[in-house]
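Each of the next two complexes has chain A plus one other chain: chain B in the first, chain C in the second.
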Partner chain A sequence: MAYILFTLSVLLVMGFVGFSSKPSPIYGGLALIISGVVGCVIVLNCGGVYMGLMMFLVYLGGMMVVFGYTTAMAIEEYPETWGSGLEVLGGLLVGLMMEVMLVLWVLSLDEAVVVVVGFSDTGDWVIFEGEGSGLIRGDSIGAGALYDYGRWLVVVAGWTLFVGVYVVIEIVRGN
Partner chain B sequence: MTPTHMNIMLAFTISLLGMLTYRSHLVASLLCLEGMMMSLFIMATLIASNTHFPLVNIMPIILLVFAACETAVGLALLISISNTYGLDYVHNLNLLQC
Partner chain C sequence: MNPLAQPIIYTTMITGTLITTLSSHWFLAWVGLEMNMLAFIPILMKKTNPRSTEAAIKYFLMQSTASMVLMMAIISNNLLSGCWTTTSYINQPPSLMMMTALAMKLGMAPFHFWVPEVTQGTPLTSGLLLLTWQKLAPISIMYQIHPSINIHILLTLSTLSTAMGSWGGLNQTQLRKILGYSSITHMGWMMMTLVYNPMTTIFYLTIYIILTTTMFLTLNLSSSTTTLMLSRTWNKSTHLAPLMAPILMSLGGLPPLTGFLPKWIIIQELTMNNSFLIPSIMTIMTLLNLYFYMRLIYTTSLTLFPTSNNTKMTWQLENTKPMPLIPPLIITSTLLLPISPLLLTFH
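And then the complex of A and B:
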């Protein structure tokens, strides 16, 4: 249980290898969704409740759904999965082997003296809270500050989204 | 730098390599671009949580907004390619070939 964050990050890398080895895009989308779920749990483990929720809603619920039906429109008849063909399988196995060897090497380090990467300062990962109003602090304060200190940024981002929708309509128009 | 940070940066590099190599589909590179954005989001949120500096949470939120715009434009280009050529194969994009 002490190494849960490290295990989740290893699973994240394996999920990323799953879609970077370029199977057919529908399977790549599946691997990206699984990686998104693992990444959201990583964020939740570090106390980022609001950011994890936003990642689920916006990222997985919004962008992956759009990717899903766009891929369904532009897909071939026999999509190739990870087991069909040597290229995708080779890429996946090379990626997984690289990650396993990296994990074994990292776990064999005793002191973080010679190498930068080490387990010696995992005390930084402890999340502590101050007293009082403990239920509404945390990530929500940073998201609330977006509308306070960064109100011009919100206006610019909203306008960018609006113009982006217009750009999309003009691109898809065709002629 | 803890091993979790190293793993997330490794995930970013793997997605970058996946985006730069083409096989047959164009939308697979767009998926790898989404992976890059997601790894950046996770990294920024972890840094904001671990340095106890919640104001930095503005950055991943805005990153997500602009990544959504970028996804929309990329998918619109994909749809226009798919309307012209039938599928989004990369070897169809050969108008500039000498």
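And then the complex of A and C:
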């Protein structure tokens, strides 16, 4: 159980290899869902309960669903899957092979699983501050602070997302 | 572009640059760059044809790769130092990644291959914005990180930019590609003194923007995009044909004109820091730039290409296209050298 974070990160990379070997978007979306679930569980294991559940709700339950519907509208007759051509299969196998070699190398070190981030001693998202209880969860209070201290960032991010959709419509309009 | 869509697109492009230049948090600086790039794509595709689509795709791919590398550098810097402010010292590995990302955004060698092709695939006014406004935000970030930049790699990038910009522009007849290669050369010159005196970089940027704006607006008057079309300027707008000569010579950096002033200051800064070989190499390389500007002057005002007899009689002598700001820009881009002590207040 001490290696849970390391195992989840390895599973995350393998999920990413699954869609970066470029199958058809339907299968890429499937790999995204799997790696999204694993990513949420990583966030949950680091103590960010609110963040992980919010990501499940918004990312997987909102954006992924919309992505799945749009790719289902644009589907072709014989979509390219992982075993259908040598390119996608080759990319998948090379990626998985490199990940396996990396895992073997990390496990062979003296101080195992401390390569970039200390996997075994990640802290919890709790801040020991504030009147009253003295304990604030970092992630949920951050979502509240987004509309307080981070008001400008919300305005900028919202405007950028709106302009993104606007730009796509302008480009696709074609006249 | 739809005239109802234009205010939002142009406002977002300007706001993105403003957010990048005015922010002290690395995340907002990156957000400003992304906003700027996103809103610039439909400006590149003002005239929808496959060539401009290709140019917009190339621009988008290069700039988003550079933004990804910049984000990686920002997060690595936070991992190493815990700092989110743009004015504090950056550790060396993230600083190298940041310099690479900003060099990709500016079009410095060895990441310069997109500049002539994107400039060629877009209308002249979009090319103007590409080569002037889009340089402001990355240079403002480079100005803020200048204490932590590795001198050797920056000077290598600058020298390589000057060399690639000059050699690449030699075989071109398309004017937008020539101006793209000229932009690469000037970027090389600009980044030379960033570690020694960053105000010279800003000064060079100002003069470069004035010169490039003059050039693009003059070309836009007769809508000429090739050397052959430029050779008809004597017939179309007779007063502009001899005026192209000082503008282009100023762009090439000839002495009594404005374009010489920033180069002079940069050479002075470098020699004050005991470096003689690099300014010599860059000056010699920039002579090639001057050579293809001279070729444009030759085709514009020093010779007449063979034409049919009808074109030798201009029947419509009144210029119907409005000239936006061209006379003051021509004066500014050729006659600023005598007031150089007024301009060089940072010395």
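For this structure, a couple of remarks:
Basically, the second predicted complex is superposed on the first by the 128 of 175 C-alpha atoms of A that agree within 3 Å, B and C clash if a C-alpha of one lies under 4 Å from a C-alpha of the other, contacts with A are read in each partner's own complex, and residues count from 1 in each chain.
The rule we apply is simple: contacts are C-beta pairs under 8 Å (C-beta built on N, C-alpha and C of every residue); 3 or more make two chains touch, one makes a residue touch a chain.
Given the structure is predicted, the values throughout are model-derived calculations rather than measurements.
By the document's definition of touching, of the two partners only chain B reaches A:A145; chain C does not.
Legend: residue contacts after superposition of the two complexes on their common chain; A:L104 is shown touching neither chain B nor chain C. In the superposition on chain A, the chain among chain B and chain C reaching more residues of chain A is B. In the superposition on chain A, A:L86 makes contact with neither chain B nor chain C.
By the touch criterion defined above, A:W159 lies against chain C but remains apart from chain B after alignment on the C-alpha atoms of chain A. In the overlay built on the shared chain, the residue A:I171 is in contact with chain B and with chain C.
Where the contact sets of chain A with chain B and with chain C meet, they give residues 153, 157, 160, 164, 167, 171, 174. Of all residues in chain B, only 1-4, 6-8, 10-11, 14-15, 17-18, 21, 23, 25, 27-28, 30-32, 34-35, 38-39, 41-42, 45-46, 48-50, 54-58, 60-62, 64-69, 71-73, 75-80, 82-83, 87-88 touch chain A in the complex they form. Interface residues of chain A facing chain C in the complex, by the touch rule stated above, are 153, 156-157, 159-160, 163-164, 166-167, 170-171, 173-175. Note for the complex: chain A touches chain B at residues 5-6, 9-10, 12-13, 16-17, 19-25, 28-29, 32, 35-36, 39, 42-43, 46-48, 50-51, 54-55, 58-59, 62-63, 66-67, 70-71, 73-74, 76, 87, 95, 99, 102, 106, 116-119, 121-122, 124-125, 127, 137-139, 141-143, 145-146, 149-150, 153, 157, 160-161, 164-165, 167-168, 171-172, 174. Contact residues of chain C toward chain A in the complex are 1-2, 5, 8-9, 12, 15, 19, 27-28, 31, 34-35, 38-39, 41-42, 45, 48, 56.
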